[in-house]
Amino acid sequence: MTEGPAHGYGCDATDETDVAALFDRVSGELGLPDLVVYNASGFLMKPVMEIETDELVQQWNVTCLGGFIVGREAARRMSERGSGSLLFTGATACYKGSANFAGFAVGKFGLRALAQSMARELGPQGVHVAIVNIDGEINGPDHAHEIAEKGVDALLDPDAIAQTYLALHRQHHTAWSHEVDLRPAIEKW
Amino acid sequence: MTEGPAHGYGCDATDETDVAALFDRVSGELGLPDLVVYNASGFLMKPVMEIETDELVQQWNVTCLGGFIVGREAARRMSERGSGSLLFTGATACYKGSANFAGFAVGKFGLRALAQSMARELGPQGVHVAIVNIDGEINGPDHAHEIAEKGVDALLDPDAIAQTYLALHRQHHTAWSHEVDLRPAIEKW
Amino acid sequence: MTEGPAHGYGCDATDETDVAALFDRVSGELGLPDLVVYNASGFLMKPVMEIETDELVQQWNVTCLGGFIVGREAARRMSERGSGSLLFTGATACYKGSANFAGFAVGKFGLRALAQSMARELGPQGVHVAIVNIDGEINGPDHAHEIAEKGVDALLDPDAIAQTYLALHRQHHTAWSHEVDLRPAIEKW
Amino acid sequence: MTEGPAHGYGCDATDETDVAALFDRVSGELGLPDLVVYNASGFLMKPVMEIETDELVQQWNVTCLGGFIVGREAARRMSERGSGSLLFTGATACYKGSANFAGFAVGKFGLRALAQSMARELGPQGVHVAIVNIDGEINGPDHAHEIAEKGVDALLDPDAIAQTYLALHRQHHTAWSHEVDLRPAIEKW
């Protein structure tokens, strides 16, 4: 990988006009991306009986609808070129609806449905679609408390996550993965 | 089962005020239901790259959001009473995102997430939540063509479906099913 | 259901000669069965590193090989007649390999593979193959201790289980279930 | 990776004495392996009603029992050291029992059960256990016919498969994958 300066762009992933404009702008400045990652996610932890309708919709908008819009815009451009990778960040809540997690799981299940359909549609067009289910907490600047409590080995290292995303991007087109899980060695699951 | 006259009520399942009013009206006229079935579903068959944002949202509203609103309103009332069954109608698209079916699967995956979370939350409160994944076409007034082509055995009989829903409703509280599939004996799967 | 006297026959399910002889004897005395249930199961709870090879083989023989032999013998006879139900008793260990449960899960996963393949092969021949995953402990004569500790509602009632097996046997051939789960309402899962 | 000469050793994976002796010999000559791959597999394609009992047992011995013996012997040694990777080669038949594939799926489902239990037991001891489900045919010296018919892009490249195995072995211990799928971009699934 040639390392170079990082560029940051802001965008509302749930606004299709905004997303399309961002793809156009980035493509103009840097070229059409080789790799697009949809990372954004809502989070909600409460029983179904206490979830407000607006709350559920808002969660789904960020977790799933944004993934659809970004994924569709990337797919339209990448399929024309015939190459590129599109990676979605999933979670255990992609395939298990736990108590108090409906608000999160409704969006994450939906994102997994989207990723599966897209992989089947776009693989033959040269675009690699995959979803990475992260099972655990990710280490970050605000995690001093968790590290003190559970130890640093209980948190996923962000660089380690990035290595798996990059390995997915670099897979040969005769041996692509679609769904991959990631968790700490010491995680209970 | 005591058979009696059927009552029909109309309602927009994606409008929480409408749904709550319907539950109140039915409860006043017939008593709080013992069994609620959420059957409504969108359907969309096209590649992700061709799906309009509004189309996806509309599909999800009917397939998943309506299930959430009806399920929540039923749960609030049934959990207070400590009994009742809440059945969701699923599909193969609840757990498989096929090519050209993202618009359908995003909603059905979400409905399955909802059902799983609700079952875990409401079982201990005496409310039985289950999802029935129907894998095949259902026989009905408009299916003369399908019957002529594939034979009547290739279509699910609606009364046969109803028997399984009723069997789920009547299960003893120490042996509840959560997820059940239904398909014709001759179906390829 | 016409109730009648029960008949007990002994047989080593892992011995194909014994199983075939039993089917012939029962068919002669009572007629070819309409419903065959494979219930037998091993159980082993220890880490993989401590499991003896013979132990694993013995577990698999009872849990999976016996199911294959009984299932095959039933299928050969029922498919000729063009009707009958063949039900396998599964468990959570059919789809989740927990720590310390490899010895149990290897057999139960295998049983689920067998049931899936058989359902696809035999459905078009009129034979209904299903698997019931029982998630919890079953109430029985030796469970006074569990009842005292957790309450009778925490144990699956055997008659309640039987009702679901019977409902599966009676399903209409256009709406068959293949995989069904059963657990107490208050179970954590 | 330091490349060096390859060493070949023969062994009957279903004979625990043979497997233990091989581990001892290799450990003496090269050191305890960092990475063990269980690749061996049976294959059988016929309806359940036509499978001989001995045939099923033989398939299971190679596909699953050998995996257990090799996995257990590797685990006993690697867990003592506190490091190492143990990779099992799976297939679609690990999670889907298709018609005519019971003889294959019974073993592959069992192997997946084994891998899941081992991952949960050995992760906290520093040993990474994963399973790679290969969905498609692998390119090899005998595949001229398949290449001519479907094109070289329809077959998994062995080096590409090896890259994913190596990437799994090199994952950081806070972000391990357990189950990964691999298939050609153009595969229908």
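Order as written gives the chain letters A, B, C and D; numbering starts at 1 within each chain.
The definition used in the following text is that contacts are C-beta pairs under 8 Å (C-beta built on N, C-alpha and C of every residue); 3 or more make two chains touch, one makes a residue touch a chain.
Every value quoted in this text rests on a predicted model; they were computed, and no experiment measured them.
K.L.:
If I average the CA coordinates per chain, which chain comes out farthest from chain C?
P.N.:
Chain A.
K.L.:
Where the centres are mean C-alpha positions, what is the separation of chain B from chain D, in Å?
P.N.:
40
K.L.:
Quick one: report the Å distance separating chain A from chain D, using the average Cα coordinate of each chain.
P.N.:
29
K.L.:
For chain D, write out the residues touching at least two other chains, lowest number first.
P.N.:
Touching at least two other chains: 120.
K.L.:
Chain adjacency by touch: line, ring, star, complete or other shape?
P.N.:
Ring.
K.L.:
Along chain D, where are the residues that touch chain C in the complex?
P.N.:
Going by the criterion above, the answer is residues 16, 47-49, 51, 53, 56-57, 60, 64-65, 68-69, 71-72, 75-76, 79, 93, 96-102, 105-110, 112-118, 120-121.
K.L.:
Report the residues of chain A in contact with chain D in the complex, numbered from low to high.
P.N.:
Within the complex, chain A touches chain D at residues 120, 123-124, 126, 128, 139, 152-157, 159-161, 163-164, 167, 170-189.
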